[in-house]
Amino acid sequence: MTADPHSGFVVAAYLVALAVIAGMIVATLADYASLKKRLERLAARTGRGFDAGPK
Amino acid sequence: MRTMPNYANPADFLRLVRAAAPVTATITAILFGIGLYLALLDSPPDYQQGETVRIMYLHVPSAWMAMFVYVVMSSAALGTLVWRHPLADATQKAAAPLGAAFTFLCLVTGSLWGKPEWGTWWVWDARLTSVFVLFLIYLGIIALWQVIEDPGKAARLVAVFTLVGAVNIPIIKFSVDWWNTLHQSASVFRMGGPTIAMSMLWPLIFMTFAFTFLFLTLHMLAIRNEILRRRIRRLSMLAASASEAGIPAIFAEPAQ
Amino acid sequence: MKQSGVPLPSALGALLLRDLRIGRRVGGAASMGVLFFLCLVAITPFAIGPDLALLARIGPAILWIAALLATLLGLDRLFQADAEDGSLDLFLMSDTPLELIVLVKCLAHWLLTGLPLVIASPFFGLLLGLDARALEGVAASLFVGTPALTLIGAIGAALTVSLRRGGLLLAILILPLSIPILIFGVAAASGAMAFLMPFLVLCGLTLAALALTPFAAALALRNGLE
Amino acid sequence: MQIEASALSVERGGRVVFADLGFRLKAGEALRVTGPNGAGKSTLLKAVAGLLPLAAGKIEIAPSCDVRRAELCHYVGHADALKPSLTACENLAFLAALLATGAARPGAAAIEAALQRLGLAAVADLPAAYLSAGQKRRAALARLAAVFRPIWLLDEPLTALDPPSQAVILEIMAAHLAAGGIIIVATHTALPIGTADLALGRASGP
């Protein structure tokens, strides 16, 4: 990448893209983790084993 | 004898996700690897815009995803209204935040791409403005999801709004274009121009597929989250009514 | 709440905690104010045209009017929700003065609606082509002005608590009262040289609202009981 | 502790709900207010709670103290004062903090004990929206156990409750009376605890 005066904008664009995509991935996985935890706590309380899905 | 897996049934769908998610995730990674390599290293800078054309490889795919996700959401909305299937509800709700994220990415990359030429971060260019209105519609849909407690009712109401939105998007697109030409704004900015050199086409194709597979993977995982969220809500209500009736909640619960 | 025997927060602390919690949970309207603010700002260029030079000149006014409407139209449920489920009666029976309860509810509303507006205004200002200095002016004036809007709006909310469609009436009642705040707010936001004078007057208005409106709102609530 | 109302009359919306009403309750005594719907049972309770202005007459508490009458009373009306998105525990914790008087700030333990007493321990951390009508009613009544106030004003506390829950409520009421408290309860059902009766007929029109 030649030292184009505007290459700063390219870098910024790719950083934003990385942030947004990483944000989406992390949010989805974190949501899954908390849901699984709540589900296990609830399933334990209602006395019913429950397959909360993989991972 | 295991019956044909009926992916409309949430339990079967969870098994599908457990199998398919890793596969699509690796495909996404591979596509991103190739796409980024082509986009950043292996393609020439544009003779006019120079390096900033590389932002196109993010901007155009995310614009395409913004529309694609809305189409997915609209078809899920039809699924909700016509077949009233909880999986369609989950599909619809899972798609909204992802669509909003892609639209936001499209707007930001568009602004970054135009900044060198416009001198400001935002210009009411016809296409960017239409994407901006689409972003407002996405935010409205997410807000509507958050306000209605009962998941079934929420899904049906949001489905109606999504379809109404779908009908209005072309109208908005047309009127924004006309509005833009009416007030012939100072800088008419051509987004990427009609003809793209072959060498620029390949990175664009790979990046677009990479984005699409990223969405498919995240969408599956998000649908699974919605299924679990609904199950938690139902179990909580069962727990409440069970203790009301004074009997411990040990009865089997159909895996609906 | 699972603290071990530690006494609960004071009534006002508990009220603030409760309102913030309700606002953020499903069904809460925390992000509505910002979205309404964004929509108002977004539609203006469609009416005026995409010319950034023109938009930049009237940008502060657009942002202020949008903030004013977003705040007022978000206030009608401030007391109505409590009146409907019976909490309002209990507010009156608490040893904590009603005026302080009104103040805490306004603080909770401002944290959920006003503050996000202030944080978002610089970004939305970009849509109107505002330069950095104008963005600062708008953010500063909104930061000082929106509390006054919430406080004065609370009087309207208290007056219309028992009405079915109180939302619009609240705006009709309170818009005239918020004209001074609007005048000095926009003046501070767009004033190139004279930023300080309107800004200080705006601070004065807000402090006056802080001191007086709780009494008016509490009076309205007490007299509105049926 | 004694509360006395004399020549009481209250108007709502220009209509005289009841006029020239009087009663006197000493510590440990209860008053059952009966009468057809619209006879003013709720209005009387609200008037005693200080939520409604009195058209005529007065309500006095002896020994007189500078605390507002409202701060000495618990009022449980038809509405449960529960926020659907908050859990039963969060709702009660807020109401306890709101209604606690003087230095006696109830701790989290008192909240759990109150929920336990009303049989709501299992659903304490579920959103109130998921609770049944009976559970919501018990959650509303739980504030009686969580925070002490001498005078209880209960508007049909036993409706929507099943017999075992009604027994718990009556137990709590009896305990309050035994501890020297005063209860005014509007209800249609007979109460096993000894109460004076006050029948509100159709008020003679203005």
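The letters A, B, C and D name the chains in turn, as written, and every chain counts its residues from 1.
FYI, contacts are C-beta pairs under 8 Å (C-beta built on N, C-alpha and C of every residue); 3 or more make two chains touch, one makes a residue touch a chain.
None of the values given here were measured: they were computed from a predicted structure.
> Quick check on this structure: which chain has its C-alpha centroid closest to the centroid of all protein C-alpha atoms?
Closest to the centre of all protein C-alpha atoms: chain C.
> Report which of A-B and B-C is connected by more C-beta pairs in contact.
By the number of C-beta pairs in contact, the winner is A-B.
> Could you grab the centroid distance between chain A and chain D? Build each centroid from C-alpha atoms only and quote it in angstrom.
Once rounded, the distance between the two centres reads 49 Å.
> Averaging over Cα atoms per chain, report the distance between chain A and chain B in Å.
Each chain reduced to its C-alpha mean, chain A and chain B end up 15 Å apart.
> Approximately how many whole Å separate the CA-defined centres of chain A and chain C?
Those two chain centres are 33 Å apart.
> Where in chain D do residues touch two or more of the other chains?
84-85
> Which residues belonging to chain B are in contact with no fewer than two other chains?
149, 236, 239 - these are the residues of chain B that touch more than one other chain.
> Going by the touch rule stated at the top, which chains touch which?
Listed in label order, the chain pairs in contact are A-B, B-C, B-D, C-D.
> In the complex of these two chains, what residues of chain A are touching chain B?
Listed in rising order, the residues of chain A that touch chain B are 1-2, 4-7, 9-10, 12-14, 16-17, 20-21, 23-25, 27-29, 31-32, 35-36, 38-39, 42-43, 45-48, 50, 52-55.
> Can you name the residues of chain C that touch chain D in the complex?
Residue positions touching the partner: 1-11, 13-15, 17-18, 21-22, 25-28, 84-87, 89-96, 225-226.
> If you look only at chain D, which of its residues touch chain C in the complex?
Going through chain D, the ones touching chain C are 12-13, 46, 49-52, 67, 70-71, 73, 75, 77-86, 89-90, 93-102, 105-109, 111.
> Inside the complex, what are the residues of chain B that reach chain A?
Result: residues 14, 17-18, 40, 45, 50-52, 54-55, 58-59, 62, 97-98, 101, 104-105, 108-109, 112-113, 115-116, 214, 218, 221-222, 224-225, 228-229, 231-232, 235-236, 238-239, 242, 248-250, 252-253 of chain B touch chain A.
> Within the complex, which stretch of chain B touches chain D?
Residues 149, 233, 236-237, 239-241, 243-244, 246.
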